[in-house]
Structure formats: C-alpha cells, structure tokens
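Submitted below is the structure of interest, expressed as structure tokens.
Read from first to last, the chains carry the letters A, B, C, D, E and F; within each, the first residue is number 1.
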Amino acid sequence: MVRNDGRNARSLRPVKITRNFTKHAEGSVLVEFGGTRVICTASIEESVPPFLRGRGTGWVTAEYSMLPRATHTRSSREAAKGKQSGRTLEIQRLIGRSLRAVTDMAALGERSVYIDCDVIQADGGTRTASITGAYVALVDALTSLVTRGLLAAVPLKEAVAAVSVGIVSGSALLDLDYSEDSDAEVDMNFVMTSSNRFVEVQGTAEAEPFSSEEMDAMRALAMDGINQLFVVQEEALKQC
Amino acid sequence: MVRNDGRNARSLRPVKITRNFTKHAEGSVLVEFGGTRVICTASIEESVPPFLRGRGTGWVTAEYSMLPRATHTRSSREAAKGKQSGRTLEIQRLIGRSLRAVTDMAALGERSVYIDCDVIQADGGTRTASITGAYVALVDALTSLVTRGLLAAVPLKEAVAAVSVGIVSGSALLDLDYSEDSDAEVDMNFVMTSSNRFVEVQGTAEAEPFSSEEMDAMRALAMDGINQLFVVQEEALKQC
Amino acid sequence: MVRNDGRNARSLRPVKITRNFTKHAEGSVLVEFGGTRVICTASIEESVPPFLRGRGTGWVTAEYSMLPRATHTRSSREAAKGKQSGRTLEIQRLIGRSLRAVTDMAALGERSVYIDCDVIQADGGTRTASITGAYVALVDALTSLVTRGLLAAVPLKEAVAAVSVGIVSGSALLDLDYSEDSDAEVDMNFVMTSSNRFVEVQGTAEAEPFSSEEMDAMRALAMDGINQLFVVQEEALKQC
Amino acid sequence: MVRNDGRNARSLRPVKITRNFTKHAEGSVLVEFGGTRVICTASIEESVPPFLRGRGTGWVTAEYSMLPRATHTRSSREAAKGKQSGRTLEIQRLIGRSLRAVTDMAALGERSVYIDCDVIQADGGTRTASITGAYVALVDALTSLVTRGLLAAVPLKEAVAAVSVGIVSGSALLDLDYSEDSDAEVDMNFVMTSSNRFVEVQGTAEAEPFSSEEMDAMRALAMDGINQLFVVQEEALKQC
Amino acid sequence: MVRNDGRNARSLRPVKITRNFTKHAEGSVLVEFGGTRVICTASIEESVPPFLRGRGTGWVTAEYSMLPRATHTRSSREAAKGKQSGRTLEIQRLIGRSLRAVTDMAALGERSVYIDCDVIQADGGTRTASITGAYVALVDALTSLVTRGLLAAVPLKEAVAAVSVGIVSGSALLDLDYSEDSDAEVDMNFVMTSSNRFVEVQGTAEAEPFSSEEMDAMRALAMDGINQLFVVQEEALKQC
Amino acid sequence: MVRNDGRNARSLRPVKITRNFTKHAEGSVLVEFGGTRVICTASIEESVPPFLRGRGTGWVTAEYSMLPRATHTRSSREAAKGKQSGRTLEIQRLIGRSLRAVTDMAALGERSVYIDCDVIQADGGTRTASITGAYVALVDALTSLVTRGLLAAVPLKEAVAAVSVGIVSGSALLDLDYSEDSDAEVDMNFVMTSSNRFVEVQGTAEAEPFSSEEMDAMRALAMDGINQLFVVQEEALKQC
C-alpha cells in the first residue's frame, strides 16, 4: 500500500531536528515531522514548586500550545479566550510525564526544567513530535548545567521519543499525517524509552473499536518507528 | 499473592449498581467499586450543540467531578476556584468518548445525552467506575425515549465497561484501590465493548517504564475483569 | 387545607438524617426533607485563613452546590462555567453564618471546619435542609476532636436548624416542596437556635408584598417546625 | 439614649435625594443617608433578556458596586480582580427584586430598566440607601417613557424604600451608620412599599441570636423610618 | 472657526477641580472638563508591591473605570463581565506612568499611592481629565504624609497635566468633547510637566494619517492648553 | 557614537523578511529586526464581527503574543494564566489600528483579516517588527483574494511600517535593541505610511521627560528608518 505522500505503512515522514533554534533558552529545538513543526524550548529555573521544596529533588513540567494559524483554519487563541482547552491540558500533561520518566530527579537537585512546545505548523502528530523534540532540548538544557559546573553529569536515565500509529481503511500505518489522522478508525500514541519500554500508551477508537491483534500490530509499528527516532535524536545531538 | 483486602490479583472489588438512585434524571445510577461510589446520571435534551445542528445525528457528552470531601483530605471545589483541573477535563473527555463509541448517533436523532459522573466517595478507579455506571444510566435514559415513543429501539450498538489494572511490586493486579494505586509502578485503564474490542487504552508508567510483556499481562487481566463487569451491568438492567 | 402530598399546613415533610454517609469526612450526613436530599460533610483542617492567624480562634465556613441533574431539568455545572452563581454564593454564606453562630470559636482554637453541602436531589428547601444536616455533621466532626483528645468538650453553644415557610394561595405553609415554592406569593427562611432565638431571617415577596400579620403567622409556623427538627437532630445524634 | 451623632434611636440620618445628578441616564439620582452617598442611575433599553422575549412583559435588574476608596481603607476593585464578591451579588439581587416588586411588568412592555447603584462614599446602609434612591431614578426613567409617548402612564404600583435597623448594646436603633453597624449584635434590613407591606426582610445575628420580641421592636422602628423616607422621595419628585 | 459650544480652536472647556470630594481618601478630587466628570482619589498604603520590597523606594499606580451609565448608552460593567477591556488597561497604565514621572520615589520611601479614577460622566477627554485631577489628589495625599510627620517634604518633582487635541474637518482643536472626538480625523493626547517637557505623547490617526506639520500644530495647542491647566491646578491647591 | 553592535545612531539592525514561512495561512511572514524574530500570519475569514454585519465593509484585527521563552528569562504563558496582560492588549490594538489605517475596508468587502504576531525571539522592538512584517503578510493574504478572483485589486491604500527610537545617555538612537531599550530615558514608537504620514505616535518618558526638540530629533530618525523599511518590504514582495 502506498500512502498519499508516497510512504509505505512502516515509514516515518522526514524527521528533522534543529538545535539552538532560538537564542535565550538553555535548550531550543525546532523539530519537524513532515509538515508538523514545533519549537521546543527547555528553560532552567533554580527553584522547585512549593510542593517539592526542601526535598532535594527536581521537577520537569511542560506547556503546549499551537499558534492560531498553525492549522488549516485559524483557531482562536487560548490566551484571548482566557482558558486552555482540555486537549491542550491533556497534551501538556502527557509531555511532562514522558520527560519526567527519563529524568533522575534526585540527581537534578532542587531546580526545575520548563518545557515549552509551541506548534508553528500542524500536520498531524504534534504531541509525538513535541516529545521527541523536547527530549533533545532537555538534553541541551541539562548539559548546560554540567558545562556551568552545577552538575557532574547529565541527570537522564535514557532517551525518550514518541510516535503515532493508526488504522486507516483497515491497515495499520506509522506516523499519520493530518489527512490520514482525519480518516483513521483508531489512533494510538506510544511513548517509549531507549530500553524499549513504554512510558505512555494511549489508544482511542475514533470510529470503530479495535481488537487485541490490531493493538499488537500498531505496537510493533510504533516500536520500530521510535527506534528510528532515537537515531535522529542521536545524530542531532552529535552536531555542535 | 493476597491483597490488603483479601482479594487475589485477578479479582474485582465488590461491584454494585443501583438504578433510579435519584428521581429527576432519565437515567440515574449509583455505581460502587468497593469504596468508590459515583452517581451517574444521563439527561436527555431535545437539541444538539451548534456544530451538529441540521445533520440529523445525536450527541453524547460527559462531565465529571468529585465532591470536595470524596477524598482522604478535602480538595478545593472546582466551581469555587473557577476552573476545572486538567485531570477532570481528561477524565470527562474519556467518559464521553467511551459512551459515544457504543451509541448509534444516527438512530439517536437530533438529541443530546448529558452524562454527569459525580464521585461522592473515592477509593481508586473513579474513571472506570464512572464509565461502567454511566453505561447503565445511558441505557435507562435511552430506553425512556423508546417508552415515550420517540424512538423505535434503544440506539446502542453494544455494551461498554472499564477497569483499571496496574503493576504493584512487580505484579499485575486488577482493579486497584487507592492504596494500591498510590504504590503502583504502572497504571493502565482499559475501556472495552462487549465484543471484546477496545475503545480506549491508557497506560502510564508512574515509576518505571513497562515492557510489551507487562502490557500483555495487564491487558489479559483487564479483559477478564471487564467481562465480569458486563455481567453485573446485565444483572442490574434486568431488575425493575 | 390539605396539601398535594397530604400534609397539613403545619406539617414538615418526612425528615431523615443518616450519619456516616461517606467514609473520609470527620462528619458526613445525608439529610432528606421529603424529596430533597443533601450530602453534608464537615472537614477539619488544623489551620485558619490568613485573616485569623495568631488570634487563637477558629473558623467555620461552608460551600454549597447542586449536582447538575439534582433538578427537573439539567442545570449547567458551575465548575464548567467557571463561576458560582449569585444564588450559590448567597446560600453558602447563609449556611456558614448559621453554623458560626452556634460555634464557640475561642474554644475551637486555631482550626477550621469546612462544611460542604452538595444537593443530590432537589425538591424545595435545599438551603434549610443543608443547615439542618450540616449541624449534625458539625457535631460529629467536632466530637472527633474530643475523641482524639484535641479538645476537652465539643465547642458548640446550642443547636441550630432551619426551615422554609411560605404563603401559597393566601395560606401560610410550613416546609414548602418545589411545586409549592413555585406557586408561593411569599417565601421566608428562618434559622433558629435551640433557645428559640433567630440567627437568620430572610423573607422575599415573590409575587405580592406581605403584611406584618403574615410575617407573624409565618414565624409561628417556622418556630414550631424548627423545634420538630431539633428532635430529629437529637434522635440522629443518639445513634451510633 | 443619645447616639454618637446626636440622634435618638428612632431617627434617620439626614437624607438627601438629588435628581438629574448625571446627564446621560434616563434617571440619575445622588442619594445621601448621612455620610453614605450613592449614585443611582436607571437606564432604559428597548429589549428584554432572552428568557423573556416574546412575552410582552418588561424587566428591571440592578447592579451594585463601591468605588475602591468609598471605604475607610481601600478595597480592591472587582473589575481588576475579575469577579464580583458574594456580598456584591447579594446586594444587587436584593435591589433588583425590590424594584421589580413595585413595577407593573406587563404595563412596562418588552423593555428593560438597568439600575446601577455605585457607592462613592460608604458610611453604613449602602444597600438601603441604594434601594431608596434607585426608586426615584426609576420613576424618572419611566416618566421619560411617558413623556416620549411610549407609555400612557408610569408603570409603578406603589413606592418602595428601605432602611436598616440593628441592636447595639441591647438597644434597637434605626438607620445604623458604619460605626454602629460594626458594633451591632443584630443587623436587619427592611424593604417596604408605601402600602406598608414588606418586599424583603433580612435579619442576621452578627454576635448574638435575637428573639421574636427584638424582631418586633426592630420592625416597628423600620416601618416608622421607611414612612419618613417615602416623604423624602415624594419631596424630591415634586421638584423639577 | 466657532465650535459647537461656542469655544474657539485654542480654548479649553470650563475646567473645575473640587478637592475633598469624598471623605475617606487621603486625596479626593472631582475634576470636570466641561461635561466630563471624574472622581480621582489617592490612597496611601504603608507597603509596596513584592517586586519593590526592601529597596527603600515607593510606588504610584492607577486604576481607571467608567460607571456603566457615564456614557450616552449604558456600557456593561467590567466587574460583571469579569475582565477589564484593553482600553481600560491602556488608560490606567498611562495615568500611572504619568504620575510616577513626577514623583520622587526615593523620597516617598517604601509606601504606595493608589490612584483611582472613576468617570461618573463622560464627554470626551476622560483620560486627560483623570491625569489632571489625579495630580491634585496626589498632592493632597502626599501632603497628608507631611502633615502627619511621616515625610519632611512633598516628594514631587514638578506638576503634571494632560490634554487632548485633534484634527476635525482639517482644523486642529484643543480639548475635544465627545461629539468632536467622534468626528476627529486624528486624536492626540499630551501629558506634560510644568517644565514643559513631555511624559507621554500618543497620537492616533482615526481616519486619515497625519503629517509632521499637523503634529507640530497639535503639539503647540496642547502645550498652551496644559499651561492653562497648571494654573487651574494651582488655584485649586491654594484653597483650603 | 558607536553602539554596542557597531551600528551608528541612524542605523537599523539587519532587517529580514521571509515570506511563506508557514504553509496554512493566506499570508505568513517571518520578520527579523536583528535578534527580534516574529511570525506574522494573515488569515482571511469570509465574515465580519457582529457590529459590522450588513454594512458591506471589511475588518482587520490583530493578536500578539510572545512565546514564554522568547525572552532572557521565561515569562509565564498567558493562556495558562487565563488572561492577557495590559502590555499585550496595548500592542495588539496598536498593530490592528496600524493595518486598518492603510486598508480600504469598503473595497475589502464583508470579510475579515486576522493578523497574528507571535514573537519567537525578543530583542527589543517586537511591536514595530510585528507591524512591519504584518504588512507584508497582509499584502500576501489580500493578493490571494485577487488570485482567487474574489477581488479585482488589492484593497490597500499605501504601505505601513514602524520603528522605535529612543534617547539613551542623551543621544537619540534608531531601532533600539533590548539592552539599549533597558537603558533608554525616552522610548518612542512611530508608525508611518509610505506617504510619510503618521498613523500612530507613542512616546513615553521612562526616566526623564523630554522636550519638543528631542521629540523632533527622534521623529527625524524614525522617518528616515521607516523609509528604509519600506525598501525592505518592497524587496521581499518582489520575490516569489
């Protein structure tokens, strides 16, 4: 089966990670999954939220947003509406949990990392691109602590990346773009670490419930895809 | 392995569904999963939200809340704070998607069902108890449309129920209570229909990422547990 | 004159108070005035709001809410709208003042009691049922402080209860249900202590202003009704 | 007993009503009860809120506010805080109900009157001064409809005014100023029409519950005081 | 050219400043620019906002509002809408900056002055009237600190006042009233100190961009007008 | 005088305008003024706000935001705080007015253009860069209406661009970067059309009031700078 952009079912879209995309953040990455483009920054603050004070451990949290015209039709600005949508909150909670899962909070010490994922162009998979790019921004931000002599080593346990899979017209496909996502019967997102263990799995039947066999097929595709993403992350981190 | 309430790993807590719990709603159920107690009502309105008007199809949506003292320590009231938490929004979106998945929207016609799940006592698994109870309230509300002659048949495709599973001290356990949930390394929620197909799967590594094998073990437990819940739902629906 | 549920003008509806209705709160009561059912919990916190800190006296405050489908037609959820209505604020301020009036704040010491009144089914008189039930929850919560050795005696000066009266078709009636309330020309709520003195009196002409004589007639009915409620409270508190 | 400003227990403070205080509103009054000064405007709009459309009847509603420095110490601005306090909502609902009670909504026709009561200086009794002044502004606004030929007669059934009474050091006093109000054991507000019937009665035990006899004493004082206010209103309305 | 109220292009409307307009504020002024009437109060608080604590310097800030019926048609109340408009925020920021520019913050010491400008009647130029009146209220409030022995001298560097100018039908006019403002092609506001230097200049082309020459003509008118306002301020401050 | 980046007082920073920066918007531009980088999109909607319906004229409006880590230290996200700051509202109103000033609303017809300016990296002058870039995005969006045959000609009257000027250590400097802006005694923003007429002029004395002569010097610098910006805009628009 050939997909509308010529890919086969098991292929990722072209993935590109540009480090140091903006200059102020300790980590700043532009991540692109095909037409999806997200600016991921990681900002260090030398304090933790009140509920963690005095425990000697750190904190990683995330916020997510889309520019109003990241999408085909303009969506209204959440700051103007005065509240974040359920979708936004759900995604930023997912990103935060995913990155906390690979961070050694005790080694980080009493400081926080704020991850900001701002989608400047959306074409499906914005949350998985965000996680994949944010990991690289997090590495850069944490490395800056080592460079500045504040930490002896980067407090990360392993890498983390994410990809979406779906069932479209009965076939499992890796890394859906927007038009595929709109047609998908099932949509799953997998967040996995470099030891090939899962941090988050979220599957939703958009049109038709799915069987255990379909879940297994999607999982296999996702595991393969995420392992490709680890290679892209490593390549990006090698450059300076 | 014996759990703190004497159950084994594959056992549900005592599950009880009381229909007609309050008198005004078209469907009103008190669902109890052990110490977790949730009032689920289903309310019919003879209109649909603006984005669906004129299409001839219906709508099912859900809202979720916990009474401030449903929990061990009092949590502040969302109405007083002026906003719903990300957790609340995430759960009510999940409940809504789960029930929409089994409803025949075309057969329902241009009317809406509002599901309200209000937790009066929380002891783990409030979202899965909510979905399981809300299905029964939905059946009652839709049946009232048939009784009143507005529909020829109840517009449901199959039953839906949900359960949590988790990994505690390395073992997969079904239907975690609050104390188990607090200790769990991994927490997964499965929403499944009576054809044993999944509507939603959500897994989160709270402390340690999980392998494909662990995911499979949790899925097996969940499928077994949800099939027990279908029996409880059916029993409840037999009574009048 | 016989009322639609067979009562006479001077009769309360059946009143029932169930203690220990939920398990986490220090005091938890289900109060029923006929078809009106309210969960009242009293939660102890070992601190006071900032404006009272360091004075050695305590605080009692209340919040009130109705489940969306407590009523004939579903009302929208205040947490979802992001603000509490004027009616809600007015009622919860009334409940708080009523309970503070009988509490010995100095004897309570620097701790707070949060009263939560959540209406699960509404059929008129939700605020008066809330006050009557909340008093029992408050007794239980304060008694728990004595039991735990934190206080020598329950810091309450006397009992408090409340009832509504109204003028319907020219006659004064005690404890209006929803259908009577909708038809009432005048609606009054009396909150009285066991020494037969008033804490709050609120009368509103819904359709027609009322005379001094009518006010006197309503007051007499209310005093009689509240004395009956004190008996119900005492009976409930005798059980263990 | 002589009060701190030389009045006796049964005396009002000097009351002054200035019509046409600002130029844009159909009715605009500055009302002064001693040091309490409130601008009351009545604005006509040729439409009614959605819930009344098509019924041929009118609507009267009220909003209340205090300038931040109307009080001894500056209070924060509700517009800046983004929400109105419970006290504000309670008072504006009271003002609205009081004026609706004397308005003939059918005769008014499908139009609305918005009453705005803005306290520019507060010295006790702001809600009762607001009601008393707003009635005059309402007369002026409704008269403008007659003058413009839109109504045949002013659609008011009778006059309405309000006063506070309280028990201070055991004595019932009429029309409390701020310092008396701060010391009062009981605070009652009476809203009465010119047929000497009550629209609203609100009594609150601030420090000590009150007896039926005390309530009667306060009511007698209030009735006498409000009848004096009707004279002031009439005098003001005679001027042009 | 004669304007609709008989003024010529270079004339201010009648300007009146009434001190001690309300009794609680340390400085309280009613300022009138023709039909525009604003209550300006200055309130002293013996603390500064967190970002200034411990620096030994003071703070001056302002809030602005219009009563709902200050205008021809009633505008909705910002406190009821739950947010201040962009226009309100812009104006109050302007007032705050203007007064801070002439205050010696070090000499003021760690205390704050809150300026409240509440428009009770609007007829054009409310922001410039607010600044002009607020300066006098500020003088009075700061003088009270000297009187109470808390400061040796009034910590003001010079006077400040403001006026609007505009281009109407091609002519530059001073101090536009509402009807002129509605017709203006260009609207400029100048805030100037008594050393004839500018604190704020804001020009907006409402209908047609404006040239350097037009800007110069407006500036000349404004400088002349503001110098007249300084005389009015001084006269007001001479009275006691 | 040489500035810290080697420029002289009359020089702009390097200005770069990249069209078609994102793919969904009708106009999408990345504008860079030195280290200040702003994504400006222009989105067409085939409707106008309610207050303009039925008049046959169009509407142009703008929203402005900064990514949280566009700045040296992370600022909190306005969507998360639930409200836009006064600064944000002020800037987006300025951008909207500036673009409306050069648009022929009658020729545009009943459709709206939404301008979104999102700062991804801030280094001074974000509002002037936004206006300058937004004009190019607006040209592209309006040209798309011509291309699609919906309009006969691009409904723009002339070009518009903006620049900041300031007085730093007594010298007037063009196009301040962040470090200069922080030290400036005076900050002015000029928005000018290609006929060298002004749409907006805003000057603020940050530390010291400024004289007419200083204002004239700043204006001369600004006019020269904006004329350079018109050349950059034209160059960008020539490319395809």
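Criterion: a contact is a pair of C-beta atoms (placed from the backbone, for glycine too) under 8 Å apart; a residue touches a chain by one contact, two chains touch by 3 or more.
Values in this document were obtained by computation on a predicted structure and should not be read as measured data.
Common partners of chain B and chain D, by the touch rule above, are C.
Summarising the inter-chain layout, the chain whose CA centre lies farthest from the centre of chain C is F.
With each centre defined as the average position of its C-alpha atoms, the distance from chain B to chain C rounds to 33 Å. Chain D has its Cα centroid 59 Å from the Cα centroid of chain A.
We define each chain's centre as the mean of its Cα atoms; on that basis chain D and chain F are separated by 51 Å. Residues of chain B in contact with at least two other chains: 82-83.
Chain E makes touch with chain F in their complex at residues 83, 86, 89-90, 92-93, 97, 101, 188, 192-193, 195-205, 208-212, 215, 219, 223. Of all the residues in chain A, the ones that touch chain F in their complex are 22-25, 28, 35, 37, 39, 41, 43, 45, 63, 65, 67-72, 74, 77-80, 82-84, 88, 114, 116, 118, 120-122.
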